[in-house]
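Note that the chains are named A, B, C and D in the order they appear, and that numbering of residues resets to 1 at the start of each chain.
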Amino acid sequence: MQSVRTAVVGASGYSGQELLRYLARHPVFQLSLVTSRQNAGQPLSQSVYGLPPKVGALTFVDAAPDFALAEQADLFFLAVPHGTAAPYAVALREAGKIVVDLSADFRTTDPAVYKEFYDHAHPAPALLAEAVYGIPEIHRDRLKAAKLIAAPGCFPTSIILPLAPFLRAGLIEPDSIVVTSLSGVSGAGRKLELRLLFGEINDNMYSYGVPKHRHLGEIEQELSLAAGKNVTITFVPHLIPIHRGMLSTITARLIQPTTDSSVEEVLWEAYGEEPFVELLEAPALPEARQVANSNRIQIAARVDARTNRLLLFSALDNLGKGNASQAIQAANLASGLAETLGLA
Amino acid sequence: MQSVRTAVVGASGYSGQELLRYLARHPVFQLSLVTSRQNAGQPLSQSVYGLPPKVGALTFVDAAPDFALAEQADLFFLAVPHGTAAPYAVALREAGKIVVDLSADFRTTDPAVYKEFYDHAHPAPALLAEAVYGIPEIHRDRLKAAKLIAAPGCFPTSIILPLAPFLRAGLIEPDSIVVTSLSGVSGAGRKLELRLLFGEINDNMYSYGVPKHRHLGEIEQELSLAAGKNVTITFVPHLIPIHRGMLSTITARLIQPTTDSSVEEVLWEAYGEEPFVELLEAPALPEARQVANSNRIQIAARVDARTNRLLLFSALDNLGKGNASQAIQAANLASGLAETLGLA
Amino acid sequence: MQSVRTAVVGASGYSGQELLRYLARHPVFQLSLVTSRQNAGQPLSQSVYGLPPKVGALTFVDAAPDFALAEQADLFFLAVPHGTAAPYAVALREAGKIVVDLSADFRTTDPAVYKEFYDHAHPAPALLAEAVYGIPEIHRDRLKAAKLIAAPGCFPTSIILPLAPFLRAGLIEPDSIVVTSLSGVSGAGRKLELRLLFGEINDNMYSYGVPKHRHLGEIEQELSLAAGKNVTITFVPHLIPIHRGMLSTITARLIQPTTDSSVEEVLWEAYGEEPFVELLEAPALPEARQVANSNRIQIAARVDARTNRLLLFSALDNLGKGNASQAIQAANLASGLAETLGLA
Amino acid sequence: MQSVRTAVVGASGYSGQELLRYLARHPVFQLSLVTSRQNAGQPLSQSVYGLPPKVGALTFVDAAPDFALAEQADLFFLAVPHGTAAPYAVALREAGKIVVDLSADFRTTDPAVYKEFYDHAHPAPALLAEAVYGIPEIHRDRLKAAKLIAAPGCFPTSIILPLAPFLRAGLIEPDSIVVTSLSGVSGAGRKLELRLLFGEINDNMYSYGVPKHRHLGEIEQELSLAAGKNVTITFVPHLIPIHRGMLSTITARLIQPTTDSSVEEVLWEAYGEEPFVELLEAPALPEARQVANSNRIQIAARVDARTNRLLLFSALDNLGKGNASQAIQAANLASGLAETLGLA
């Protein structure tokens, strides 16, 4: 296969580093450009571990969102903060490039929702119409033709994939959904904040971001799409002292009493053929470690007959299926490649 | 004050070890006997760290539940497994001793509930009537006269204390309660099980025990008492890679829309004078590390106005307020001592 | 390339599991048999995470060391305890198979040394003559013709590789060598021992196995080979609360005062062309995380001019270059394949 | 006993926080002032966990090193960085106050050594003559009369205490000493540095600061005092992913062959009566967790007969005996109090 010149814009954070590790071993996407303002001039290997020597020897460059940048690759992954990503997307889309944005800038189709959750006007509303939300198991067909992919946040994938089949089938009460998610620390980014020091997180755990975490906008958008009506949920994220991993526990009132095997069957019909969805049968429940360093998500379903609730469980790597590797899965589709390429 | 001869029966587990560390520094309770089948003949210091030299030099003995045992102390803490504790309680109560049982044997007043959750007939139903459930903030008056105290399990304290005031006041819908709890590994005990190896838990996390964890019996008993009617809840425990700590996140539908300050006020009225309940004001939320090695529980309340739910958060040390130190708090009451003695 | 039928004997421990993860992605070695007494009858995926579905679906079998076993593959990795491995090696070598033994049974050429360190007579001394010690950077030529490979213990690789060039060149005093090694917990195996519980190791660290750890026999054998005379060292291993990783810090008196760049040059001459040896230049020092999940070893050298000592530092993954992946590197050589196959 | 008005200057770091936790429970030292530039105006409880409510309610103030500061307490602990501490010490000593400095400013008696290791001229050389190095087991008599105490760095206590008796007795070759120390992360302070993020240290470990760590100056000063001649050592510190704890492994050539029991006897003679030195008998070796949250140091000695080396092992809490609690032990002496007060 012919290689595709590939760029990562903003590769000094945990997302960008993880993208580099996956791309370094991808058989088609070939790194032609890696940017970072803070590491410009340094070899990748100085700050990113786990790269093959040839890739590690590449040099970070600083690059503005302009035509010169667009010249240097045909596929661009944006791993910069929300707000910063949009100008790059505008410039690169003008130049006809395929853009996979890992920030929040193009995840919600309604700019008013963006403003509600990110506290500033959307920086490039004209591009929202062509953006495709990057969960392949949900939007595969649209991703095949996508030019601008909005890779999901780290919580949404773990919540949308388990819930969507049940909302589509009308098996649960949409206003009864309560979600608790546990996130590894890398989900908070590689930032100089006191709360992210080893000494503050080790032997500690806590909830945060209630009642309106920023990812709720995109989560509820996709759940509403599945349900065919507006869905509003209660969502409580927690920080846990592990580096990578995300666990979501979801409960919802069942419309009718049912059994473990029936709800497992709903998942099998939805995802039985999916290469990256691992459905667990009772009594197995998802474990963060089992999906670490992979693009897989583990999902299990159970019935709590005592309270007539559906219990859904998922585990993924918040830097993998929750971020970098899922972005590559989506990019494979948009590039006409086998969806699993570089992700085995 | 005159000292009280105090025994710990079964002090080789994490609960028993923690009891020893607290009792070693208690100004009135004086260790006169420490038993352990597996460590019999060894000095305490060989397997329990953190003891003052004088206490560390005591020797573990093996002791059957008989009259000879009862002779050796006046206050007995039982830190043996459920089923094993009951015969000790029977023998010691016959001898007129005060017993604080950290197992599940006397926590549920109805022997049928015990059988439902522990899969065998209750081993000493005649004693159930005199047992008092050992949360001082809920049962203080009865504990002052108690001779047999059933120290709560590690999850219940973290769930009952936040919920009770709201159930008593009828502010939430009892059948809407969903609880997610995160437990440190010591809650699973000091046992030779593959799943408890460092290599299996480090960098890992998962839910377990759904939908009917053993602690549900006592949790629902106490919540029903507070509500004045039967309460059944959805409860999902999780194992987290820290040694000590417990975090509970509780949601329930509000009967009427209300505000953060109103729900905080409910907690202040219930616990404002409690020495071991630390009520946090928004935006602070409980953190496991802040209550580690203490008898304190942190509690916070919030309203999720988008879904009209009450959000309750609690953090405690599962070996402290969730176990050993709360058992001492209750024993202080039953011994006519200041409730805070040895727990400052 | 034609595939090679490959077996892993004893794949329930951390070494065996890691071998399976590497072999599952190896382009030539194809798993035809995986044995485990305790997991016999279960699919691999039940106890080994991180396997592709096709490999995860294979079933563990129980297999005695006999001719029937030998029939089922052409390349055998033995991941069973020392003493248990030898009978398998005897049976498989009789049948003409290539054997890579990850136990200690064939690491020391002198059966008396085996007896000194393992407290029982060598179980198959007749095979010792043909065994080749499996560090490719030291014994590459012999490994190309090897039929029985003794894969090194987890500490030796981290110590022998840094020291060998300096001993060969006579630059240090052999009797002045002091080695401190830090090991991740997986190095102790996946065993039901109290000391390996999360609750015992988390927030803890300690030295052990002094003054005569079992790996000293093979370490001193290889160091003596390099020096051309008997070398006896002081070696202190430590257990550290991480799952995988090994760090060795080595000091030795220099024969003559020298400089950082001179000692770095010695390493470059020895290993500059090695694909799996990553030489760090001052001020960089090896880090466990940078080589996790890889077959690489990081090495750095420095001079402590104040005391005229050479300081050597190495880091590797004790399940990777210290164990499973290095065994595959050696097997590649013995199978006439590119040394880096399946290890990129 | 009459209380002593006590101040902590610079209490926002891990050392200062730990001092507050100890002082909050000290029966004589009573906190009258707590300073912090960055937290000024906040209650202590906002950033320091584990304080009793009464102490947590105190407010951080910002305070310059002047006479007004000296008025507010009679005993001052300085927990500010080296260089910053000296001006406080000058002002407070002028006002006749007792000063315990936890920085490096007064640890080395020779200002040239300070300059060599800290790269700037000593900020208050006139005070060096009256400063006493704060290891009570070594300098007890001088500490009883001390007005300016230089509390040791976190590594020195763990190295000096084990070695001093052997150097005093002339049992080891001073130029053969090699020390490897493992430090918990809190030893690096509570600073906004990328390397201190949870994501950078979790699952990682590495050596650093070779060949001339800043603490070598004070270590060699005290070892030379014990030996009666200049001692220069090789010292390699390591960073380990635990919050608190320090382990030192020390090797030195024995002058004459000897036995385990002989070297244990040397320690017993030196420290058998010391309340905070826990001497372990073979086969026990020090463990970090066993001394966490305490003022104790564990020490063990062994002979490596194969190489005729003495092996010494120590473990302490780098925030306890290695820092805050030892500072209080020294302050007890200087205040004419029982040495163990507040440290039981």
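As a convention for this text, contacts are C-beta pairs under 8 Å (C-beta built on N, C-alpha and C of every residue); 3 or more make two chains touch, one makes a residue touch a chain.
These figures come from a predicted structure and were not determined experimentally.
Trainee: Give the label of the chain whose average Cα location is farthest from that of chain C.
Mentor: B
Trainee: Tell me which of C-D and B-D has more C-beta pairs in contact.
Mentor: Pair with more contacting C-beta pairs, C-D versus B-D: C-D.
Trainee: Could you give the separation in Å between the centres of chain A and chain D, each centre being the mean of its C-alpha atoms?
Mentor: Chain centres of chain A and chain D, defined by C-alpha means, are spaced 46 Å apart.
Trainee: Could you give the separation in Å between the centres of chain C and chain D, each centre being the mean of its C-alpha atoms?
Mentor: 39
Trainee: Report, in whole Å, the distance between the mean C-alpha point of chain B and the mean C-alpha point of chain D.
Mentor: That gives a centre separation of 37 Å.
Trainee: Considering chain A alone, which of its residues make contact with at least two other chains?
Mentor: Within chain A, the residues that touch at least two other chains are 203, 241-243, 287, 289, 292.
Trainee: Residues of chain B touching chain C in their complex?
Mentor: It is residues 14, 185-186, 190, 192-194, 196-203, 241-243 of chain B that touch chain C.
Trainee: Would you pull the chain B residues touching chain A in the complex into a rising list?
Mentor: Residues of chain B touching chain A: 175-176, 178, 180, 182, 203-208, 210-212, 232-234, 236, 238, 240-245, 247, 249, 251, 285-289, 292, 302-307, 309, 311, 313, 315.
Trainee: For the complex, which residues does chain A have touching chain C?
Mentor: Per the touch definition, chain A meets chain C at residues 25, 49-50, 52, 203, 287, 289-294, 344.
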